[in-house]
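Heads up, the thing below is written out as structure tokens.
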Amino acid sequence: MSSPRFPNIRVLSAELEGWGFFLCTQKDVRHGRGGELFISVSLQDRTGLVRARIFNEAARLREEFDSGDFVKVQGRTELFNSRLQLVIENIRRVNPDQDRGQGFREEDCVLSAPRPVEEMWKELDELILHVRDPFVRELLQRITAKHVEKLRIWPAALTVHHAYRSGFLEHILSVARSALTLGAAYGANQDLLTAGALLHDIGKLEELEYDRSTSYTREGNLVGHVTLGVMMARATMAAIPDFPDVLRAQIEHLIVSHHGHKEFGAPVEPMTIEAMILSAADDLDAKINQVKQVLAEDAEGEFTAYHSRLGRVLWRG
Amino acid sequence: MSSPRFPNIRVLSAELEGWGFFLCTQKDVRHGRGGELFISVSLQDRTGLVRARIFNEAARLREEFDSGDFVKVQGRTELFNSRLQLVIENIRRVNPDQDRGQGFREEDCVLSAPRPVEEMWKELDELILHVRDPFVRELLQRITAKHVEKLRIWPAALTVHHAYRSGFLEHILSVARSALTLGAAYGANQDLLTAGALLHDIGKLEELEYDRSTSYTREGNLVGHVTLGVMMARATMAAIPDFPDVLRAQIEHLIVSHHGHKEFGAPVEPMTIEAMILSAADDLDAKINQVKQVLAEDAEGEFTAYHSRLGRVLWRG
Amino acid sequence: MSSPRFPNIRVLSAELEGWGFFLCTQKDVRHGRGGELFISVSLQDRTGLVRARIFNEAARLREEFDSGDFVKVQGRTELFNSRLQLVIENIRRVNPDQDRGQGFREEDCVLSAPRPVEEMWKELDELILHVRDPFVRELLQRITAKHVEKLRIWPAALTVHHAYRSGFLEHILSVARSALTLGAAYGANQDLLTAGALLHDIGKLEELEYDRSTSYTREGNLVGHVTLGVMMARATMAAIPDFPDVLRAQIEHLIVSHHGHKEFGAPVEPMTIEAMILSAADDLDAKINQVKQVLAEDAEGEFTAYHSRLGRVLWRG
Amino acid sequence: MSSPRFPNIRVLSAELEGWGFFLCTQKDVRHGRGGELFISVSLQDRTGLVRARIFNEAARLREEFDSGDFVKVQGRTELFNSRLQLVIENIRRVNPDQDRGQGFREEDCVLSAPRPVEEMWKELDELILHVRDPFVRELLQRITAKHVEKLRIWPAALTVHHAYRSGFLEHILSVARSALTLGAAYGANQDLLTAGALLHDIGKLEELEYDRSTSYTREGNLVGHVTLGVMMARATMAAIPDFPDVLRAQIEHLIVSHHGHKEFGAPVEPMTIEAMILSAADDLDAKINQVKQVLAEDAEGEFTAYHSRLGRVLWRG
Amino acid sequence: MSSPRFPNIRVLSAELEGWGFFLCTQKDVRHGRGGELFISVSLQDRTGLVRARIFNEAARLREEFDSGDFVKVQGRTELFNSRLQLVIENIRRVNPDQDRGQGFREEDCVLSAPRPVEEMWKELDELILHVRDPFVRELLQRITAKHVEKLRIWPAALTVHHAYRSGFLEHILSVARSALTLGAAYGANQDLLTAGALLHDIGKLEELEYDRSTSYTREGNLVGHVTLGVMMARATMAAIPDFPDVLRAQIEHLIVSHHGHKEFGAPVEPMTIEAMILSAADDLDAKINQVKQVLAEDAEGEFTAYHSRLGRVLWRG
Amino acid sequence: MSSPRFPNIRVLSAELEGWGFFLCTQKDVRHGRGGELFISVSLQDRTGLVRARIFNEAARLREEFDSGDFVKVQGRTELFNSRLQLVIENIRRVNPDQDRGQGFREEDCVLSAPRPVEEMWKELDELILHVRDPFVRELLQRITAKHVEKLRIWPAALTVHHAYRSGFLEHILSVARSALTLGAAYGANQDLLTAGALLHDIGKLEELEYDRSTSYTREGNLVGHVTLGVMMARATMAAIPDFPDVLRAQIEHLIVSHHGHKEFGAPVEPMTIEAMILSAADDLDAKINQVKQVLAEDAEGEFTAYHSRLGRVLWRG
């Protein structure tokens, strides 16, 4: 393997030879129509995903790795139907002890938020410190303390937006920033907005299962993150002595109404200025995150291809 | 007051003179265009509502009662714009001690379910006794024990269906009967269906405030009965030792999905046969209750007038 | 062909060798990219469908059978892209006389309702005998007598629900059971409900063409089963002396309104309690039949894959 | 009654005294808030409707007429809340024999299509004579012959469009003219378009009851004009020897699909160019008839008031 | 008129006697059922609207003023059906010269934005000065210079939001503040956001006619403010030498897409992050302005009455 | 190449050998699973599109042509998965000078409207000459004069309807014919209808880019043809001295409202009879053009396959 190491997937181009460390997120062994064996593979690093194929020595290489493994890969890139594809010449499971010497780091192989976690965590701490109402501050401190592990690494969704390591944290911080500036303009209660931004999706920590890849938990499917989130918040508030009833109702309302419209499955619709601001900030942040992903993945031309979830083409400006 | 006592409101006709005991649910003092004072009143007994007016001695009679009072009324009925109206000649607050001798009973003056409460309560008990799963049975016994008072008298809604005393109990029993026979036909889990029928609207005990008349509580407005109901059920299940996780998720799913469709604000949609049966039984029971009310109130002709919530006329058959 | 006979398709697993009798419902002769001939085939027995491929001797075997034939097949099963596939080594048309000795029966090779037809037919007879109104009973007897053949074997739909031999009969009996128990609870007219359940889809006997496989007739496409059904019912009622006008209108209303909502193409919406019950029972039965099919076909995991027509994942419970 | 006769209602203005013959379509006896009796009345002639009130001698005049009577009225017009109102000084039932001498004619007192019936009927005859296909021509001749009476006087709807005497005939002729010119442009089958235009609403002859005023029949409510119309057409076609099956299906399709979209309760949607043209011509004619009525009734200003069924204001141009 | 001057309408309470200057926005002369004349009036000052009635000397007072006049009014306030009403004892047209001595000022009698115009205008100037792109700055300077008069006093809508003097200016500044802070968070082009905020509704200057009261212009009805706005912007840009094509397209896109969704009549949907931010900021500002008005007008209780445009009750918090 | 020349694509059948001139609209070089190179190609002539494949000598032939070239092709036709496919044996770029001798003409190789352009242009001229209002006539003459080139060759849309050379001209003439006959029936302003038909889509001349194939321009995506069209019309009208304001508003209203409903992105809805007629004629013409294409492409059976945009199957009649 004397060829150079591949750059990050987001900047990978065609007609390169090289090697790299990746997370394998899919492995399908197939037979071609002529009967020959080949393997269809998906690889991931912190910046993106790439499709790969094994045509040579597929029978031997199929034993060398499984879906879910970190892998070391050697091969070359090409365009297939206008999309980038990596043709794998060699592949094997990572041996962490040995490969760390060559620069292997788990966190470099998992799709991740662009900002460093430590920096985001510090911003979260400061947001909470700026809360004036002692009950709200206590609530936020208890919830973040209880879920430190998940809060640092959870994605914000399975596929739609911020669907990568630490995407949850990135999303709630971004919503908080937007909601607080809007709230300042409209004279809204900033403590409530901070609570709403940090807690509106808190149920996703129970709705989703995340360990390199993301899936729904049983409760996630059956109960959904909105209801799970209200219950998590209520349980924590119930444990704080003298937590005021009105304040509790306000915070629960922010969570339960944050999808904004009945048609989107919101059990109640926003009835306060704070709930309206939170819902708008959440919706906008999710949309802009999608736009940025689409623009990054669809790299050519003044306009992107038609995006079916957004229902339009996007303009690179 | 030598005239006869009025019959029940549901069978009251025009051109009668008489007296009766009622609950006054609305009292508006107005001035006619000629400046004369008159009072617009709504009266209720266990069978229905009637509009009333005070034209004579309005200045004196306005002091004799308020909205929310039980009242003794003397007057005559007439048709006004094709609707029945009671013209009040005399009215005063009920004096319970004195008027009981004349047959005054509070429960006769409040709009109520047609079936006696005791009979319905016995049916509820038997439904719970037939539950085989000990955890489900325990859950239902605890919840009914905790909310005996409200379960006996609460209405099922503010205005749409079963909007009268003990309407809640009437509705959940009716849904249970339907769901259990449907469940038998489709081989569904009957214990889950009993739990779903009895608990699907349980949040309404916190969503609504009821004391002769019905209103929304703060939590009812801000959080809504679906989410409140899941929290009530979870709190009770959490207190039962060894309550199985899967069972808890099943019961929470029944509550959270019972509105059937995202467009109706259901945070999740039915994912099991039991949840589909429950949602269908609930929807049908609410609709048929409305139909029966419309047919009772709109007493003439083969077809009723156009009913805007149902979006159609109804046929008396 | 000394290998064992395959089990029913519903319980077929990968990596088996064997032989079996099937109905061939699709046959596509193709060329691979290397130019080699292969044949894509769909096979069916009473319990399900399986995809098959012929790679060896395709040029010779293509002459041995056609789409629509009952066939004898020898081969082995395998997984292809996680779905079961049968690789055919040998295939030929069934020779009924000769193959009956080996256990060939036509009815075992056509996708069918799980309950035996005779048992269902007996239930239908009894339902009609229990009708009290002599006109309704006469109507149902005449219609069933006239359409005996189709009523026994027709499917209930092309693809959505009960889309197999005798699915029509299975569906109307199931709707009748549900409607009658619901009707008993709500004091509805049971004779009308029986008529509605048995007749609501009667137009499908003219809408669909069924002979092993299902298609739309010209009238089915152009007029639709709702209108065709009303016409069939009216023609039969017109031939019964003194059939009451009101009764005829009631029965026609049940048929014409059974899709429940204008948005679903119902020319009128249910205006009676019977029509509401029928529409709810029909909708629920169609949904539950779909759910049972999805759960049977999607055999792994606690939750099924996302089902696009139902718009959700399903829970195995 | 020496004052002048009122002009037609459509050109009636305020501040006139006079007398006239009208149809009374509504009569409500009420008490004012001061207890005084007054009568609210609606009057109609062939050109429009006007609201009327009786303040003087209401007790005596209430005995002189009923809703549904042709009446002779004396009074004066005024504006009330910017709308024209007739204050009645004297009113009595028409005595046909005696009043004919003063110019009373029934047909002048019933809201009617602007074109004379004879002229429209002649146009209908010619349309049918121009049909080339003998089966279609026979069908149209039989149906028009059978329903001569209703075809001449029926309205096209209860309230929405062409809701006046002979409105049905006016509407189908107008649809025919549009459909035929469109059909000529697109090379469509003109005989089918003539049949579709004349028959698409034929079920309304059974859906509506008309005798000076319009109401729904039982069958109209329960079955609806689309399905009734298909049955009327089929019954007539069945009686014509050798009527071709395909032709029958085409004509039934035109009727059953003419509402154009499932959302509007069309059991099937247009599948042929003829059905698309018919549906467009029908929709446009209904809309333009509404527009012309709104412009006629809302006589002031460049734009009309907001019209809730059309969902917009209209421009007088 | 020795009674005290009324306070501002927004803080007016029942059971006061006094006098004040107002704009009369509606005057309807009616007859009561007893025949007596009375006048229904709407009055306005810079803080709100109040309903008024004239019962005494209506015949004389009807000559003293017209709708559209500034008036001096003497009377007393009362509650009628729970809403405040002013019973007028005396009323006459304002005589500006004479009444100015008593404190009459036109601008105090017209419903107005709460912030002083001069302060808002200064903010507008600064926003434009902060634009870095010289073409955008030039565009904004030219458009504001051209429309100084209207920009200072126009309302933002006929009824929905900011429907008062200078409401347009208040709205675009508020949208600009929100859009710029959101834009900063998402790295959007701030110059474009400033242009979008100031120009998105510019067509309303031609869509609406405003002179104390607001109405639609002919072009407003027929063409609509979205299209009018694009044309105004394009005309101004066309007059600026070398205005870049791409920049022009960006600005036109911001205007044409600002309603956000096709369903709301947006000819195109936002295709850039800037357009998404602008649309969200505009929607939120309109909603919050409505909420504030509702809360101000519906002054009692924890929750407001149901608000039909917003489709919910609001919480005072 | 001694084989015969292929017939037009619309009438091409399977199992033919031959040669022809085409436009190549797509060229994808791929590798099969066995590694072999093949080329996927789309070919076009004036009557339709056909899919083609190069299996032999792909490595050499890939150099012989590109997407966008006119090509000379030799090969044979076959069915693949029931669709026609051309297997190319030889292919090269057209050499215009040399190939014209063999009958090559550019216009025969580009998908085109069935009517000759000259004939359509003459019809356009006559339509304009029949306009009575001199301003309208002047407007139409100026606009057609300015856009002669595009008006003759532009398609009416990217994919939906009239998506071929001169489809724009074909569409506006067809809409004009329909609108004028409908307008005659309803007494509408024929000059306005002519203007509306010819100008309603005029913005498409700037929305689309067409040079053998069609794409959206930047302005097309960002501003859309409705708004672009109004601006083009206004600019032309502004240059005509004394063009009446009302007339200009009428014409702009026709363009801006022609999509008929807010839900389809129409900024305003039709407010005049002319606008309603135009919108109906436009919608019908687009639909019928689609139907004709579907019927032409889906050549077998009484009914077509399900068409997802139209949401139905179509009947060949």
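Chains here go by letter, A, B, C, D, E and F, matching the order in which they are written, and residues are numbered from 1 within each.
The rule is short, and it goes like this: a contact is a pair of C-beta atoms (placed from the backbone, for glycine too) under 8 Å apart; a residue touches a chain by one contact, two chains touch by 3 or more.
Quantities reported herein were computed from a predicted structural model and do not represent experimental measurements.
Enquirer: On the document's contact criterion, could you list the chains that touch chain A and likewise touch chain E?
Expert: A chain counts here if it touches both chain A and chain E, which gives B, F.
Enquirer: Please name the chain that ends up farthest from chain C once chain centres are defined by their CA atoms averaged.
Expert: Using the mean of the C-alpha atoms as each chain's centre, the farthest one from chain C is E.
Enquirer: Taking all residue numbers at the chain D to chain F contact, is the shared part over half or under half, that is, same or different?
Expert: same
Enquirer: Sharing over half of the contact pairs with A-E by residue number is what counts; pick that pair out of D-F, A-F or A-C.
Expert: Having compared contact pairs by residue number, the answer is D-F.
Enquirer: Once you find the CA centre of chain C and the CA centre of chain F, what distance in Å lies between them?
Expert: Between these chains, centre-to-centre, one finds 43 Å.
Enquirer: When you check chain E against every other chain, which residues touch at least two of them?
Expert: If we look for residues of chain E contacting two or more partner chains, we find 32-34, 218, 221-222, 250, 253, 271, 303, 313, 315.
Enquirer: Could you tell me which shape the graph of touching chains takes: line, ring, star, complete or other?
Expert: Topology of touching chains reads as other, fitting no named class.
Enquirer: Among the chains present, which pairs are found to touch?
Expert: So, checking each combination of chains, I get A-B, A-C, A-E, A-F, B-C, B-D, B-E, C-D, C-F, D-E, D-F, E-F as the touching pairs.
Enquirer: Where on chain E does chain F make contact in their complex?
Expert: Answer in residue numbers: 218-219, 221-224, 226-227, 230-231, 234, 246, 249-250, 252-253, 256, 262-268, 271.
Enquirer: Taking the touch rule as given, give the residues of chain E at its contact with chain D in the complex, in rising order.
Expert: Result: residues 28, 30-35, 216, 218, 221-222 of chain E touch chain D.
Enquirer: Within the complex, which stretch of chain C touches chain B?
Expert: The contact residues of chain C facing chain B are 174, 177-178, 181-182, 185-186, 189, 250, 253, 269, 271-274, 276-277, 280, 283-284, 287-288, 291-292, 303, 311-315, 317.
Enquirer: Over in the complex, which chain E residues touch chain B? Could you list them?
Expert: Spelled out, the residues of chain E in touch with chain B are 32-34, 36, 38, 55, 80-82, 302-303, 313, 315.
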